[in-house]
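Per-chain numbering from 1; labels A, B, C, D, E and F assigned in written order.
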Amino acid sequence: MLRLKSPGHDRFFQSPTLEATFGGAELNVATSLSNLGLNAAYVTALPENEVAEAVIGELKRFGVDTDFIKRQGERLGTYYLEAGASLRPSRVIYDRAHSSLCEANKGDFNWREIFEGAAWFHTTGITPAISQSAADLTLDAMETAQEMGLTVSLDLNYRGKLWKYGKDVTDVMPELVKHADIMIAGREDCQKCLGVDVDVPTIEDISSLDHFGALSEKMLDVYPNLNIVAITLRQSISSDYHRWSSCLRDNDGFYSTDIFEVNNIVDRVGAGDGFAAGLIYGLNNYDNNKKALDFAVCCAAS
Amino acid sequence: MLRLKSPGHDRFFQSPTLEATFGGAELNVATSLSNLGLNAAYVTALPENEVAEAVIGELKRFGVDTDFIKRQGERLGTYYLEAGASLRPSRVIYDRAHSSLCEANKGDFNWREIFEGAAWFHTTGITPAISQSAADLTLDAMETAQEMGLTVSLDLNYRGKLWKYGKDVTDVMPELVKHADIMIAGREDCQKCLGVDVDVPTIEDISSLDHFGALSEKMLDVYPNLNIVAITLRQSISSDYHRWSSCLRDNDGFYSTDIFEVNNIVDRVGAGDGFAAGLIYGLNNYDNNKKALDFAVCCAAS
Amino acid sequence: MLRLKSPGHDRFFQSPTLEATFGGAELNVATSLSNLGLNAAYVTALPENEVAEAVIGELKRFGVDTDFIKRQGERLGTYYLEAGASLRPSRVIYDRAHSSLCEANKGDFNWREIFEGAAWFHTTGITPAISQSAADLTLDAMETAQEMGLTVSLDLNYRGKLWKYGKDVTDVMPELVKHADIMIAGREDCQKCLGVDVDVPTIEDISSLDHFGALSEKMLDVYPNLNIVAITLRQSISSDYHRWSSCLRDNDGFYSTDIFEVNNIVDRVGAGDGFAAGLIYGLNNYDNNKKALDFAVCCAAS
Amino acid sequence: MLRLKSPGHDRFFQSPTLEATFGGAELNVATSLSNLGLNAAYVTALPENEVAEAVIGELKRFGVDTDFIKRQGERLGTYYLEAGASLRPSRVIYDRAHSSLCEANKGDFNWREIFEGAAWFHTTGITPAISQSAADLTLDAMETAQEMGLTVSLDLNYRGKLWKYGKDVTDVMPELVKHADIMIAGREDCQKCLGVDVDVPTIEDISSLDHFGALSEKMLDVYPNLNIVAITLRQSISSDYHRWSSCLRDNDGFYSTDIFEVNNIVDRVGAGDGFAAGLIYGLNNYDNNKKALDFAVCCAAS
Amino acid sequence: MLRLKSPGHDRFFQSPTLEATFGGAELNVATSLSNLGLNAAYVTALPENEVAEAVIGELKRFGVDTDFIKRQGERLGTYYLEAGASLRPSRVIYDRAHSSLCEANKGDFNWREIFEGAAWFHTTGITPAISQSAADLTLDAMETAQEMGLTVSLDLNYRGKLWKYGKDVTDVMPELVKHADIMIAGREDCQKCLGVDVDVPTIEDISSLDHFGALSEKMLDVYPNLNIVAITLRQSISSDYHRWSSCLRDNDGFYSTDIFEVNNIVDRVGAGDGFAAGLIYGLNNYDNNKKALDFAVCCAAS
Amino acid sequence: MLRLKSPGHDRFFQSPTLEATFGGAELNVATSLSNLGLNAAYVTALPENEVAEAVIGELKRFGVDTDFIKRQGERLGTYYLEAGASLRPSRVIYDRAHSSLCEANKGDFNWREIFEGAAWFHTTGITPAISQSAADLTLDAMETAQEMGLTVSLDLNYRGKLWKYGKDVTDVMPELVKHADIMIAGREDCQKCLGVDVDVPTIEDISSLDHFGALSEKMLDVYPNLNIVAITLRQSISSDYHRWSSCLRDNDGFYSTDIFEVNNIVDRVGAGDGFAAGLIYGLNNYDNNKKALDFAVCCAAS
């Protein structure tokens, strides 16, 4: 996606300048993994124009493989961002309707070919949120990956502003989770996406993790295909001061990390993607899941 | 429309900055007329978001009446612009599919109410080029304006990159011209839009106007509803050096202006809109059409 | 006024760029009220030049009525601003001598005409601080407003750097307060402007409000014309971390708000004006004054 | 003076940024002379604030002696500049009323002390144009310089927008010319400032210099105190394409330079000041006046 | 190399901003070839730091293979650029002493491995100009390429400011030319680099090409290993208006292109590199050398 | 040195812009002293190019005497800076090898002439860290200054990334300290530079100063030539939130300052130089060393 941001803390169009960068949850993860030294390919649909070529050039700059990107459709999804200040929250305006990915169909990607030689497939709950065909596409990819023996990780990544094409998030996500090995979720994602009724504290106090221990245990029960459930915990003190923590349950136990005070946040969008990338890297490179989790939370906070 | 332009002569995304301004043929004419001291209202459809509010704020800044703008639909039409340099031409990427205006329907605007108390309606060939419903809308507006006794001006403004919804330009524009009093056209617009076969020099040599005399005469014959045909003549020497001239035929005769050398062009988009605004202003304020034409070409070249 | 600010935290003229925006206490209030959805007109004097036209365009962008602005005099008041950092305080250089407003005279504005159909008049202690004629003008406006039955609000807004034309602030402000219904004041404004000797804590500890209860009570005694006294309380922890609170006394009682921690302040100038606008909005739209006060302090802190 | 310019070819306040630099005819000459390696001091009045300190710092950066600058008065003269484009001319808004120099008086500068050890005094027709006291000050300086044996050069520099304090330019400038050794003038300056009725071509065709030969001869007759009359000839083809030439008459003859085509003009303000500095440098360093003139026109065109 | 340029036409350090881009003759050719769709690898030495990583990222963005870049040495060569305006010429300050490439040695690159599977090697006269070891390296590469059957092209690219390590250009370049198949030269490069005494017009009038016919013929005689000699002809009318042409001699004849007027030059550095890339592309893709030459001069002028 | 910094918190080359300023420990001290009103000269070696001239211009702007700067050598030392954010630390890339100062020799500066009429010489441990010749030069300067009766201050300023020319810091600095009257050191500088084994807390808790009392006492014992040892104490809470304190021992006692909370740090580089300048100013202007120390720490924190 193209991200168009007002400079600094400016309101939308306060000055006639926008900062144009490329982002999106899966793109961020691919770029981070490549920066960490892994071979990463990014699979999406992009239109046949120079804006899309700029996205591809940016991915190449970071060494991400762009060979599987389909050039089709009308437009690149776009969103506008205005950074908050003091009590004024950040604002996002989505302009992603009718994007190439939004209108891509299941048959447009030959997943068998794409996954040839790959060991891991990561996707998020954002793609299935934008259209029925994108949801179908995601399920197809996950099923194929699973069949071919790839490790499949899914970041629930619930965004209430999306999910407008008629399906409820709980109609779609539980089916997807059944095809994942690793699930990443924020504090409320499990309730929102999976309809789980375990109680988590409504006040965002990330110091007590007991509830999350129970929540993650329940997840492994309900979705026995999952090997790992990782939960990110973010407490927003102000628009540029957060506290970050995380916990993880695998079949051997429940682990949590320290709490990190993160102030002077340059750009909060993307911390969760950094966590996902760090976790994938860690699970591939460290000998225990606790270490992978510690690495993941550091990536999120940097 | 939102116009996103690379700074200076930069290529697309060479730097992470875009200059964001608002434009579009009819908007430019409305703003110019307001700057010239006339009361102008701008009628369009815009989505319910802050980007659209910025458009409206900008119109208000110039004193344009925005009360008739409908807030509906999904998005604001957008285009990307890269300014040419030397032999490298300027480039435009349209991202206007599914814009609010594109998807607006005939019934969305109550033209009788909108035209209440107005004396002039100006529109262009760009709106009917983007969708069938926008073409229907334009015809409806022109018919109503004509019935209510407004002067109706139409700038043919042919853009080959548009007209993708199935209809050919010659299926649509001749019918619209029948509801206009004043037609503005570029050198090739009459051939392209109206299928007229009068010969005009293929090499853009604006020094000889004989052909344009014949062309405009033919137009008044074919479309007897027209009182005035004004033709803009632009010769592009290089990306920032043009020559501008124009001619006009009314029922009394054929007039032409001097040729203006226009170098150091800051922004070529919009010169034709300046011409249209200048002509409308001139026809309302000067006692003869030759004077109005001279004023119009000065507005185009400033 | 034209505000010329060094970019970011730069010292004056460290780079050859200045950020030019338009401000001033009354202008900020008018703009905020218009943003909140009220009909607001801004009355001032501005010179006949393009700088002034830019101010007017900016007001129009926000929907503020500019029809009563007089175009006369030599210049627009200007000030230079350098944002502080760490222990280095912000700096302001005023260049507002001989501004159009400064040299405007009582007869220049026909208040009866201006107030026709209006319900509220808001002014501040800044205008009477710049010249004798501006003070006379302010008194004339307040008297007329009162006679015509408008609600009159006055923000004392004491600025020691102004008040250079010979009169002491205490010679002028008490008379003005006599023509107001609502008075807004900062912690020390009452002492400075009105010579009141009630003790308020010298250390800016906004947690204890007892003194302000006494202070506001005394104000209602001394100025029986006042219905409401609102006091803003700001504690400056550092150049970009403040604490904000406020209290209000009306004939029914004394109310105070929570304390808001406001960090990452983008631009501290204008928080007081946001309070005034919020209070005016709240008093017009909420059924009790406590609610209006809560709304006002939120506007100040956003 | 502080010069506040819109970026590039932007209209005033099109973006919220202004480029702030320091200029003014005499300041430009002082800076240029210092750059050329001569010892130059700049004498003016500036207020006691940080804006003025920035001017002084900038002068020091170029090695100009700032010891004789008086710190007094209210403000620094300011002007706003918008660069033209195509047929749109550049625009200047002066905001120099009540500047420190404008309100400085004859007694404020001890010229005997200032000129101690100096060999040359250069001034222009801009200072006497802003106020009676500044005109008196200029005359006082020129008289003292002459008495002390300095060479005195005066650039007529006629600006019609100034001269608003009651005196006509022809009431003031002839008296000043009587105290100069060298006079620099643009094509029309002699007629405008000195009321000379020699005919010069109204169309700015700088290719024929005959008229200027006659004009300069007449000047030496009328003002026998003058040793040199230098005339700058500038033909403006477009806002960024000029032609420059010049001629000079001394007691030995009449000389002229080649015509220089000057395109891609970054900033036209200051070319005349470059000419003056080049001439002063040339007259001090070359053995004949023709060579000095050639050097001067090169400085103007660079 | 890192290129640090003052913004627009600013003088060095007039503002505290520099535009940082990466360039250099061979890098420009590699990037252009990759843009044109050929597989290109760029071979150089770069230090182990983030500045070098940014160069590599930028190359990757354009699809250039960076696998053969050696990470060694102390620094990246840098140069400062100030764009000229009117009569003021552009200025370059080289800061490339002790760069990684400058201090690289013959043994540092295994050319046999690098050239494995390649069809073409292009180099320029800039590398041998910076140090003895870089000259040795270049010769080694050319010899190996020739032995392995690659086509070898050499752009003489004479820069007088370089060549400071003790050797004269004529001591080094003739030997290199003996190992090339295709030589590219500017008007004076043959005289300067190869000591050829054929007369070429001293005034840069590119309209007459006879001399260049003779010059190129002589080159094929003296260096029978050459198949093609291409000469670029550039006439600088002003700092942003050039005229470009070129001619080429092969064993079948002598060809020349039209003259292109190139105004509004955004950045003149790199036009020659565009020519070289265009020629390499053309010779690989077109069936005759004249067509390749036409393509090359268009690339130079775009 | 030239400092090239990414804008705001951008990563290196994230955008194509660098902020170019001039810095370096001794330059910062000279500029600060001049700002405080003392006469300061800056002595260094700079190449003969426009980059160096910009440094000199900048020094002159602040009134620093630049007459003793030698123009010799190849290049100006450069470093690249990227400001940290949250947990991401700031990064510095040095590119100062082969700078003019680095390659200057003892005989290049005539210290007797330079120190003529001077009262104070300040230098730092950075210069002796860059090359053997620079270390020799520093010793020569300190010896001469001592002989001529100047007060000599030395800021140890240990930077581990430098010291690459073969000598260990402890081979060089102790000898230099023997020629100083006043030594300034950070918490660990004494251990690192002088090999002192007094224990200081490894966790940077600046609240307890006992260890520093012992450390400074030992310094006066070991180096009886020293009259004053000043220690700066900085605790880095986050990349833009520090705590600052300092202590000082002279022959009469041990003093310490309050702790200053310094948040919203615009630019942390240079705080230590501000301390040094403040201390020198204070020792010259206040009647006791405690007062000088208080002033110094305020300068550091502003």
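Assume a residue touches a chain if its C-beta (ideal position, glycine included) is under 8 Å from a C-beta of that chain, and two chains touch if they have at least 3 such contacts.
Predicted, not measured: the structure shown is a model, and the values here were computed from it.
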Residue numbers at the chain B-chain C contact, same meaning over half shared and different meaning under half, come out as same
Quick note, more Cb pairs in contact for A-D or D-F? It is D-F
Chain B to chain E, mean C-alpha position gap in Å, rounds to 46
Rounded to the nearest Å, the gap between Cα centres of chain E and chain F is 44
Chain-centre distance (mean CA atoms) for chain B and chain F, in whole Å, is 64
Chain B touches at least 2 other chains through residues 8, 16-17, 57-58
Touching chain D in the complex, chain A uses residues 14-17
Chain F contacts chain E in the complex at 4, 12-13, 16-21, 49-51, 54, 57-58, 74-76, 78, 80, 82, 91, 93, 95, 97-98
Residue positions on chain B within touch of chain C in the complex are 57-58, 60-63
